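Structures are listed in the sections that come next.
In the two complexes below, chain A is the common chain; its partner is chain B in one and chain C in the other.
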Partner chain A sequence: MNNIENNYHHNIDHRKVIQDAIVRQSYKRKIVNRVFTGVTIVCVMLAMIPLGSILFEVVKNGISAISIEFLTQPQGSIIRGGGGVGPAIQGTLLTVGYASLIGVPIGILAGVYLSEYAGNSKFAYTVRFFNSVMTGMPSIVIGIVGYIILVITIGSFNITAGAVALSIIMIPIVVAVTEETLKLVPNSIREAAHSLGIPKWKVTLFITLRSAKNGVLTGIVLAVSRVAGETAPLIMTILGTSLFFQGFVSPVDALPLRIWRFASQPYEHAHSFGWGAALVLIIMVLSLSILLRFLVLEKSFRLGSLVKTRG
Partner chain B sequence: MSWMSSEEYANTTSYKLSLLSDTKRRGYKVSVKNLNSWFGSKQALKDINFDVKENTVTALIGPSGCGKTTLIRCLNRMNEMTSSATVKGSVYLDDIDIYASNVDPVIIKRRMGMVFQKPNPFPTMSIYDNVAAGLKLNGIRNKALIREIVEESLKGAVLWDEVKDELGKPGLSLSGGQQQRLCIARALAMQPEVLLMDEPTSALDPIASAKIEELMNELRKELTVIIVTHNMQQAARVSDYTAFMYLGELVEYGPTKQIFENPQKELTERYISGKFG
Partner chain C sequence: MIGAAGYTLFMLVLVAASVIEGSMPIFSFEGIGFFFGTDWNPVEGREAYGALPYVVGTLVSSAIAMAIGVPISLGIAVFISEISPPRFGTPIGFIIEILAAIPSIIYGLWALFVFRFWIVDFIERPLYEAFGGTIPLFARTPFGLDIFTAGIVLAIMIIPIISSISREILKAIPNSQREAAYSLGATRWETVWKVLFPYAKAGLLGAAILGLGRAVGETMLVTMVIGNAVGANAIPDTLFSPSQTLSSIIANEFNEAVTVFHSSALIALGAVLFILTMGINVGARLLVSRMVKVTPGAKE
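Moving on to the complex of A and B:
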């Protein structure tokens, strides 16, 4: 039974053919190697040019506009300038925060469902399909939906309409990233948790999702960064205003809207303010992702270290 | 599911299972009766029958693909979590059939701990939290008690002296052998009556393996151990009973001494003496 006979012998002819090929290719291979490496480096530089020049231009033109007044005051006279973008900063924080409150939990739980519960059912397939369609949905269309559903019915441009529109943009991103990251968690971790007699919902929430935390947080930052820069859906929903937050049934301002309005004015000082607002928006998004990454790295073992200091 | 009164609930199998059994029982701790299992249409286990006594170590041996791992995963209903797997037959824990339709698989797993082939500590948790996770997530809130059980379990897994000053460090920062003992401690923390070990030393070096083998000798005093192993010397060293499996069938089962020195079946003898496998 199962007596293994060694039937394998090197075939001398095959070996010779392979050796010849290796020798023949050796010179060519070195050149191809260098060319390929060179092409990738050139492409990296091509990709960095727009990124670098955008950052450079925004900092160069925007830095002079920034002051305490610029960050905290509402806009001054349109013709003479002055004031700042305080309402726009406040509005962006409020609208994006509100949108995250709606979009992040829905996105995470839907992603959890797809990864942990749905398997390969037809329903899951359909949801995944529509989710990827939604990822590519033009944001102006989502703005129109927000306008019809929440602006017309409420009778005024309002923050809820804006937040809902932004959350509709966020959800597919969060769903996709959550599902993908959860799928990267090895099954052995789930099995270990189940073997302790932990019910499935707790395994999913406190073990699997916790193991995938870094990836999910990265997805959230991605989604937040994406919607923080959205303009089109906000025109249709929160409209923009030069006033600070007036309540839930009034227009709200946002940085992208303010940038757009500054840019379409014929005054030099308005353009300068536009650059300044753009710089503020970039710094906000950038510091958010730096902060979250820092938190992700720092907090992983905090519970454990608490125990240690106590014991 | 409809709500039931507490008297009704006290009569359910789930409730009986959730009670700890008396330590001194007559009969067997685990009995497998006519157990069959399939992956899709491929049969992995064919009509398995055997009984395991309390406070013994039982080894499952056999060549790769013979169904050892499937069998051990059927003992705590872990196997059915693989989507293509089906199981038929009965496994009795004390005198309750864990495959009865009204049994909640979660409760089975609280009484039968499991240690896996590769060490799999929870990646985002500290050493302490790894051991405490089962308790906390099963609703135990008494911090002092948890601390006591964590220490006890780490001592039980002979890991305490190595980690007592760095309980807050990530579980993954330990060496492979330590991680596996951490996983044993994690299982012990739930105070299981049966510990199922699926090739617990296959990913470890000989020194770490020796530690785990010593540990099994200690654990036998407190609970019943069933271990899958590829290593026949290990089976001979640690186990009281040995089951030899081949192609999904249980070929021979008996005291380890008998299996290794005087096997009744020719197939067993050929495998033990290294003629195949």
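Moving on to the complex of A and C:
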């Protein structure tokens, strides 16, 4: 008897039970949604903490080391300290400049070829694919190339080996960015030039490349800022030294290498110099990135206006 | 111009040829056993070289980095592309890109002198005190120069690359997908989890694998915090054990290698690393390009 009554009640409340369930369910879904939004915000904050801390520590610990002597003099006594990182700054500028001389022309030519001449040929596809694979190649493996090809044959650690290794890191970046930017140039511009009877090489050089100038520059700046901080390939190519540039067949110094050596020494003043060198390096690299940002902003603006005049 | 394009292909051949050429002596000395050996002794006359501990160290530290880095990166990508209005999303994206521009040697310096003490104080020691007696994974007094620290700092390093590629992939998903989900009454979480993630599965996986490639090949940062154990000691028995990766031992010992076999063994470790990252990168590129090929037509 009792049992039947229960069932009866149960049937009566059926609709309400479902409604309650729906309300509960949608309440639960809303909570889950809130939690999820909160979690993504926490993720963003977690990523901000290291950046804030790195910039803060580098500036705080590095600023006290910076002086005219620090920026221009070679390193003093290892035990007592003194001197500076002059050779390292000079070495970084020389090695990166040398690498750019090798890497930038090759990278731009290859990028222009892929975008303007190669079309969708099998060769172009292969180059594109392995080019993107090369962007993920560990830099220490690339350092081995410099060591085997140029250090062993020349018989001494030298700046050319370092520059060749760094250029192998730069080229894939320059190729990819150049190709992508050239593809953004509207075809109507090329067609207009061709219809005037201008030969293809002139169209490419004076019209297509010129209208994509900022994009190509972006690729160069990106590549330079990437290799300026590279350390691993330099260990096996330019080695590092406490002397200024001695010629093309002797070791040179570089800021990232110097930071590493300072950090591995047990002396307080060496650590302080390490932070100072890190501050110099970070200023070099970040100012390049900010320059890059402006180039990109201007590029999208200009390309936008190009597209607008088109249609 | 074809020459320049050909040169970009030639670079890959150059890398492959160099590492093979350089590692020949050690393979004639150790044979195939080089891959499975655990000894590492560069003293002349008693030389023995084995790659196994460093392969293990590389895989474990990268696995830790992925376990921490991938969820955070996806969270950031979702926040920027799905949740925040562009006026917050754009600057956040910019800040994350700055994180990507900082050289890894500076991450290493920061990790060595600052971050490692945070990890010891806030994560490792509490874990050790709570579980050190019961769970073998935590049973070692933590000093901060260990595989766990290396994994976390690697995670910080790969977050920018994974999150920026994932963001691009999420943005490439046609809006009709989102509109369909919302019109069925799905919440934002349900839209992201049940519609967008499955749709972009291949691309997101590719982004994660690209990050993995970065973690596996990263050198300086790992060298500075992993503790640099050598030989069988480099196989970590707990999370808080010092270890060594393929790239970090090359960086540590390359300039001290005086015998032919020692430097050749280091270059052979480079060859192993080359094969590992080639496999990872080719796989990732194939996944990403499959996803991105769909996008130009589908984008609205």
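To be clear about the criterion, the second predicted complex is superposed on the first by the 239 of 311 C-alpha atoms of A that agree within 3 Å, B and C clash if a C-alpha of one lies under 4 Å from a C-alpha of the other, contacts with A are read in each partner's own complex, and residues count from 1 in each chain.
The rule is simple: a contact is a pair of C-beta atoms (placed from the backbone, for glycine too) under 8 Å apart; a residue touches a chain by one contact, two chains touch by 3 or more.
The structure displayed is predicted, hence computed values, not measured ones.
Looking at the shared chain after the overlay, A:Tyr125 reaches neither chain B nor chain C. Look at A:Ala193: by the touch rule set out above, it reaches chain B but stays clear of chain C. Taking chain A as the reference, the larger set of touched residues comes from C, when chain B and chain C are compared. Contact with chain C, but none with chain B, is seen for A:Pro172 once the two complexes are overlaid on the shared chain.
Shared contact residues of chain A with chain B and chain C: none. Against chain A, the residues of chain C that register as touching in their complex are 1-9, 11-12, 14-15, 18-19, 21-22, 71-76, 78-80, 83, 92, 94-99, 101-110, 112-115, 156, 159-160, 163, 187-190, 192-193, 210, 213-214, 216-220, 223-224, 247, 250-251, 254-255, 267, 270, 273-274, 277-278, 280-282, 284-285, 289. Across the complex, chain A is touched by residues 63, 76, 78, 81, 83, 106-111, 113-114, 116, 118, 120-129, 133-134, 137-138, 147, 166-170, 183, 186-187, 190, 270, 275-277 of chain B. Interface of chain A with chain C (complex): residues 29-30, 32-33, 36-37, 39-44, 46-48, 50-51, 53-54, 57-58, 61, 105-107, 109-110, 112-114, 117-118, 123-124, 126-127, 129-134, 136-142, 144-145, 147-149, 168, 171-172, 175, 225, 228-232, 235-236, 239, 256, 259-260, 263, 271, 274-275, 278, 281-282, 285-286, 288-289, 293. On chain A, the positions that touch chain B within their shared complex are 1-3, 119, 186, 188-189, 191-200, 202-203, 206-207, 210-211, 213, 300-301, 303-309, 311.
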